[in-house]
Structure formats: C-alpha cells, structure tokens
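One chain, chain A, links the two complexes that follow: it is found with chain B in the first and with chain C in the second.
== the complex of A and B ==
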C-alpha cells in the first residue's frame, strides 16, 4: 500500500534552461516536444546586457523582454533536445539568447502507483 | 590589481565586510506548482524549517500528454529555494508535500547544487509556530 510520506525520486534528470527573446518560446517548446520533451515551463524576464555596445546595429533589433523556458529531460535524451532547441531558437546568432543544461541530483513528481510498481522498489 | 576609481569605491574597500566562503555546498531546489500555492509553501518553509532564502514567481506550464495541455497552458508558480546541503533533503521533502506534488498534473520538484551562496541561514524556529 502506498504510504502518504513516500516519494518516488527520479535521478539522471537534466534541467535545460533556455533564454530567448519574447515571442520565441512557443517555437522552442514545439521543437522540444517534437524532440521528446514531456513538457515545459515558461516565464517572462527582462534581460540587460552588452547588446548595444558590442552588437552594433544588431543591438537595436534585440528585444530586452525575454522568455525563460525550463525543460526537464532524462539525461540520455537531453543532448538531443538541447540541439533541437538550439537550432529552433537560432542561438548561433549573436543576441538571440542562450541555453544551458545542468544535472539534477534528483527530482520528484507524481508517479502513478502502477508505473512505480512496474519499476519495483529501490529502498 | 584593483585601483579604486572614486572616493566612494575606496570607502567601500576599507569597510570591513565579511564575504561568504569561496566554496561551499548548497542545494538549489526548484518547484513548479499550480498557481496560488506559492505563498502558502513559502510560509510552511519558514514555519517548519526556518527557510527564508526562497522566492516565487509566476509561469505557464505546457504539457504534452493531452491535446488540451498542448493548446492551453496551465498557470503555474515556480518556487526556488537555496539551502545548505545538509538541509537539502528535508526541504525537498517538505516542498514536495506542501506544494501537493503527490497528485496528478501538480508539477514537479527538483534539486541541483550550487557552490557559493549567501543569505541561506535558517531562522530560529518559534515554539508557537511549531505547536
């Protein structure tokens, strides 16, 4: 029987964080889901930087309003999602944004009991 | 070599300020939860563990399991807490249950690490709060 204080902890997960100009997040999420991501969390931010100083004329075209996208993915799938997002967000162009991924020590979410039972207990 | 550019800079340099250690072990705990629960979880963190080094912001969540979640995004709140490594597991568990992550479509909680941080000291627990 499932206990109230039982947490199914998942390891080998990676958090991909992508910062893009406002309006680009939907394209990023589409690319990530096509690549196999299960979901994404998006929020707004305002990015300040050296765009006017170092990008010249290009700096005018960079919107300071940003969207930040969190994608949690299994570590063996994360590189694929990372690359698809990189291409979709055109991050090879200066000023378009940035992306990074960091290993998570653990994560937890709702895991249906039948799924947890299929993988057995790991005490 | 650092050369103060103004009197204000030099004044800052001469004031004895204790900086946080160069390297430490901290945990960064991030929780994506349904909108509206953030303030209650923050209050639970303060009351039960004395954690005040946390912040909450709004977000929208997109899932892929159903067409509805692909078309409409859910309103979410994201809580980020930074705590000393020895408190990481306890705070992780507390957030998991306080945010109600143990229910379908509620969100997730994840834990990473940081090697330098400040302002993560825990408040002393107040007896009335615990009771």
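== the complex of A and C ==
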C-alpha cells in the first residue's frame, strides 16, 4: 500500500502567525486548539513596534521579549482560528502584538495511509 | 412532552454572521501613510490600561509576595504555636508587610529603569573614554553612594534603640548620635572595596590572595578591638554592616561597571570575572566601622558626660512626620546616586541621556518605592522581628511565671527556630537561585545548583543559630568571629580558586533586603529580652557560616573526583 517514492502534499493550507509578549503564547495556543487547530509551534524572539513606543511611560509594561506562534490550518477553518486568537491575545490593545495569515503553496506531514488512500492518488 | 414549543426559524448563515466578529478590510498602505502624517494623540480605553498594567504588576508583586509572606508567616506562627504569645499590633504589621512588598516591587522596577541603563552604558563606555584613574574614582563614588540607596541600610538607623547605653556606651553613641558617621564609614568601605575589585581586573590578581590580604588586617583589627572592653561591643555591629551593604542596588550597579572594566582589561573570557567584588564589599566596611569605633573612643572618653541630644523629645516638625519624613529620606538616598550617574553619563562618557520619560519614571518609582519600603520597615518588619526575638526567651527563662519548656528543651526550641528561619529565608532567596545556575554552568555540573543552595542554606542556618546562642548566653563576639574566619581562612588556603570566589560571594548574596532587617530586629529584640548588652552579630555569623560550608562542600567535591579518577586509572 505504502510507497516510498510518494509524498502526500496537502494544499489549501494557511499559515497563521501571531506575535505576542513572552508568556502569552499558551493562551493563544489554547484558543487556537479550541477553535480547531491541530498544532502550534512557538518561537522565542524579541522585537518592538511603533505602538509600544507611543504608549509613553506605559510602554515599559510591554515586554520586548516576544513569542511567535505558528499555526497551520486548513483554509476554511483559518478565519475562525484567526478571530479566536485575535480575541484571546487581546490584540485590540496597543502593544499587545499582531497576527497575520498567508496562504501556503503546499505543506506535507504524516498523513495516515488509509486516509491518503481514501483520497486516491492524483498523478 | 406534547406541549408545543414555538419555533422560530433562523438561517444558520445569519446566526453565524451575527455571532462572528466582523472583519473589515482596510489597506495597510493607507494606514501606513496616515500614521506618518497625523499628530499622535492616542487615548487608551480603561480596559487597555488594565490589560497592559495588570500582568506587569502582578508578576512583580507575586515575586515579592513569595519572598516576604512565608518568612512573616513563619515568624508569626512560631510565635503563636511554639511560644504561645499573640502577635501584637497584627493589623499594623500586616499593613507594614504590604508596604514592604509594594515598596520593594516599585523600588526594584525603578532601579531597573532609572539606574541600570545608565550603569550599563557607563560601564561599557567609560573604560575606553577616560583614564584608569578616572574609572577608579568613579567606581569609588559609585560604590559609596550606592550604599546610601541600599534599602536595608535604613534598618541600621532604626537599631540604636535596642542597645543598652550603660553596658555598650560607645555602640549606643555611634548608633544614636552619629549614625551618619556609621553610614559614611560603610559607604567608604564599599567604595574602597569596589576600587580594589576593579584593580583586580587590571592586574589580574587572584581571588585567594586578595581574600587573605584583606581578611588578615580585618581580623587583626578585630582582635585589637575585641581586647579593648570599650570597643568589644562594636565588633558585632561592624561585621554585621558587611552583610547589610551587599544588597539589590549595589551589587547589580557595581557588577555592570565591573563587567565593562573586565572587558576593557581584556578579561571578558574569564567566567569568574563577576565574582569577588561582593566579598570585598562585605569585608572592607567591617574594617571601616571598627576604625570609626576606635576614633570615637579616642574622641569621646566618657559618653555618659555628653549632654543629651538637643531636640530629642520635642514635638516633631512636619518634615519629621510619617509620609514626608520617609519621602525625604528616600530622596536623600537616591538623588545623589542619580546625580552621580547622570553627571558621569553627560561629562565622562559624553552622551546625552536617551528616553527621558522612562528614566524619570524609574527614578520617581524608585523614590516612592523606597519611601514605602522604609515605612513598612518601621511599622512591619522591625516590630515583627523584634517581637519574635523578644518572645523567644519565654521558651526557657521564667521572667513572668513559669517557663514554657524545661531549660534544655527551651534552648533547643529557640535554636530550632533560628535554624528554620535561616534555612527557609535562604532557600527562598531569588539571588541565590540565579547564582546556583551560574555555578552549575561554570563547573560543568560538578557543583549542582541544589547542592550550592543547600550548602549555603545550611551554613546560614547554623550561623544564625550560633548568633542566637551568642546572644542568649551572652558569649563574647571575638572568639566566635575569630574561630569562624580562621576556619574560613584555612578552607580558603586549601581550596582551588573558583571555589574560593564562589564561597566568599555566596555569603553576600544570601542577605536580601527582607532578611536583613528581620534578622537584625530579631537579634536586638532577643538581646533586650535576655538582658544582653547588644544584639548584633547574628548577620556576621550568618555570613561566615556559608563561606565555611561552601568551602567544605568544594573540598568534598574535589576529593570525590580525585578518588573517582584514581579508581579509573
């Protein structure tokens, strides 16, 4: 059944990237999982933006240490996840971070053989 | 269920679009162009302020909560359960503790934003832009002035009332009439220590040599002072001062400068570059305070003949009353430090100060925090420590009626109290945890973090127990100090360089701004209750305890690796 020279490539995938302050990623991942995301990857990073500088003294409350969360989602779920994450990360407050999503050309990962078989082979 | 429930039809799509957050598409090009042209008047919603501030504040407050509450609870519970005495003025003490936590939180944040940016910048740039002499002069001033800003130093000023003026007249004189002289001596001591620490970077002196060269004169002076009955009570205070000085202001400021100098001297690769200054900063002040004591004895032959302090007993002026007095004291402590750093930045480094508002925020918050901390110190920490100290003797002595326990058991309870207090306060110290991580990395895991923490905690616990025993039995300070430090000296000669630096620094790290006043007040309360001449010395014992214990563990680790190596070969 399984062939070594075959990769199952998935299409219609969307990459959601969310940048938040250090320590907030867990809340973001929880919200995304609840909204149907199957996994998330967290990076540590640092960086600041223009909103943070314009907060004045309140700007010190914004940590320059950031967490970047990658979520790959199917394109018809992506909007829902996007919204939930936006709300969970409280991105409507200045300095809290940002979120963006982009269409992926293709992705590949482990796909159970019986699932791959069910969708047939497009050669 | 045959009752008809009225049905209303709703299209699922309509429901979804009502529940969902609406999205409106705006081109980023437009927003970007707009943001540049418009003047920035941004009004934050209240919820935004809450979202920004609450996590920031709560993390910092919890940090202090973890340091203060277990210690305070232990003192209170021990007093209630083992000594069967109520905590008096509980509400006031609770309020004071709250002020201590809030004050420390604000103060640490203020130091981080108001002082550290200066210090890092100066430490990095100063060695390249001026001569070594200027760097050393600046280091001296920085060390001295930072001492004034140390939160725990306020506890010293408050300690004078706990000393018996008849049995330790010169000590009483020093604390009540000349506290400024005392603080000045400590400041000069720390300043000199920082200078010697910097010289160490330039000349690559070994820590071992330096420790021995500093310790021997200190011990000699201690012997001289200890043999003079007029000076003997001052030794305890002098060695305690060493533990008080190395706190959350001096250490990071001086380290930032030290790292810059070490880099300029071409030693940035030395992993132990950061160590050493803390050690010196706890030995030099002891020396300086003893010198002040000797000078005082020569100056005032008979303290009993001095007229009483003018103005004592008058009604306090408005600037001596509670909120204003603390604010002024805090300003006096922090303003010189800020001024020094600003001048150095402006004229020695020659750079304008960036981010004025953040630095202004830092300074204001540091002053407020220090004022709050001082307030909490005088109504919370010191009374609590004092009460605990004063009630401990009830365990074994029968001052009013029967003692709670038989004499040996009572002494045991008192010592157990001291051991738990020392151990618990040390294990909870965040600075020690950070040091443990550094040490584990430096020794490639040969000295695990937990081992260091345990070694230091046991050392502090035994040291505090020894100090409590000293006060209870009214032992003389000299043999204890001499014995402890000779033991430390022998261990130093016997150990390798890195363990020497480690052991001597671990003593300075353990004494944080909450532990110091608490233990100081405890000793003074205890001293008064058992009728000892003075209650100093616990902190001094708690300083050499970890030195000895860490050195011993270091020797043990070396023996173990040697034996393991022999077996393999």
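Note that in this section the second predicted complex is superposed on the first by the 117 of 123 C-alpha atoms of A that agree within 3 Å, B and C clash if a C-alpha of one lies under 4 Å from a C-alpha of the other, contacts with A are read in each partner's own complex, and residues count from 1 in each chain.
By our rule, contacts are C-beta pairs under 8 Å (C-beta built on N, C-alpha and C of every residue); 3 or more make two chains touch, one makes a residue touch a chain.
Computed from a predicted structure; not experimentally measured.
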Chain B versus chain C as contact partner of A:39, first or second or both or neither: first
First, second, both or neither for A:56, with chain B first and chain C second: second
Which superposed partner A:87 touches (first chain B, second chain C, both, neither): second
First, second, both or neither for A:64, with chain B first and chain C second: neither
Which superposed partner A:15 touches (first chain B, second chain C, both, neither): first
Complex contacts: residues of chain B adjacent to chain A: 27, 30, 32, 57-65, 69-70, 73, 76, 78, 92-93, 96-97, 101-113
List of chain A residues in touch with chain C within their complex: 23, 50, 54-62, 79-80, 83, 86-87, 90, 93-96
Sites on chain A touched by chain B in the complex: 5, 7, 13, 15, 29, 33, 37-43, 70, 72, 102-110, 112
Residues of chain C touching chain A in the complex: 20-21, 23, 35, 40, 42, 44-45, 47-49, 51-53, 55-56, 113, 357-358, 361
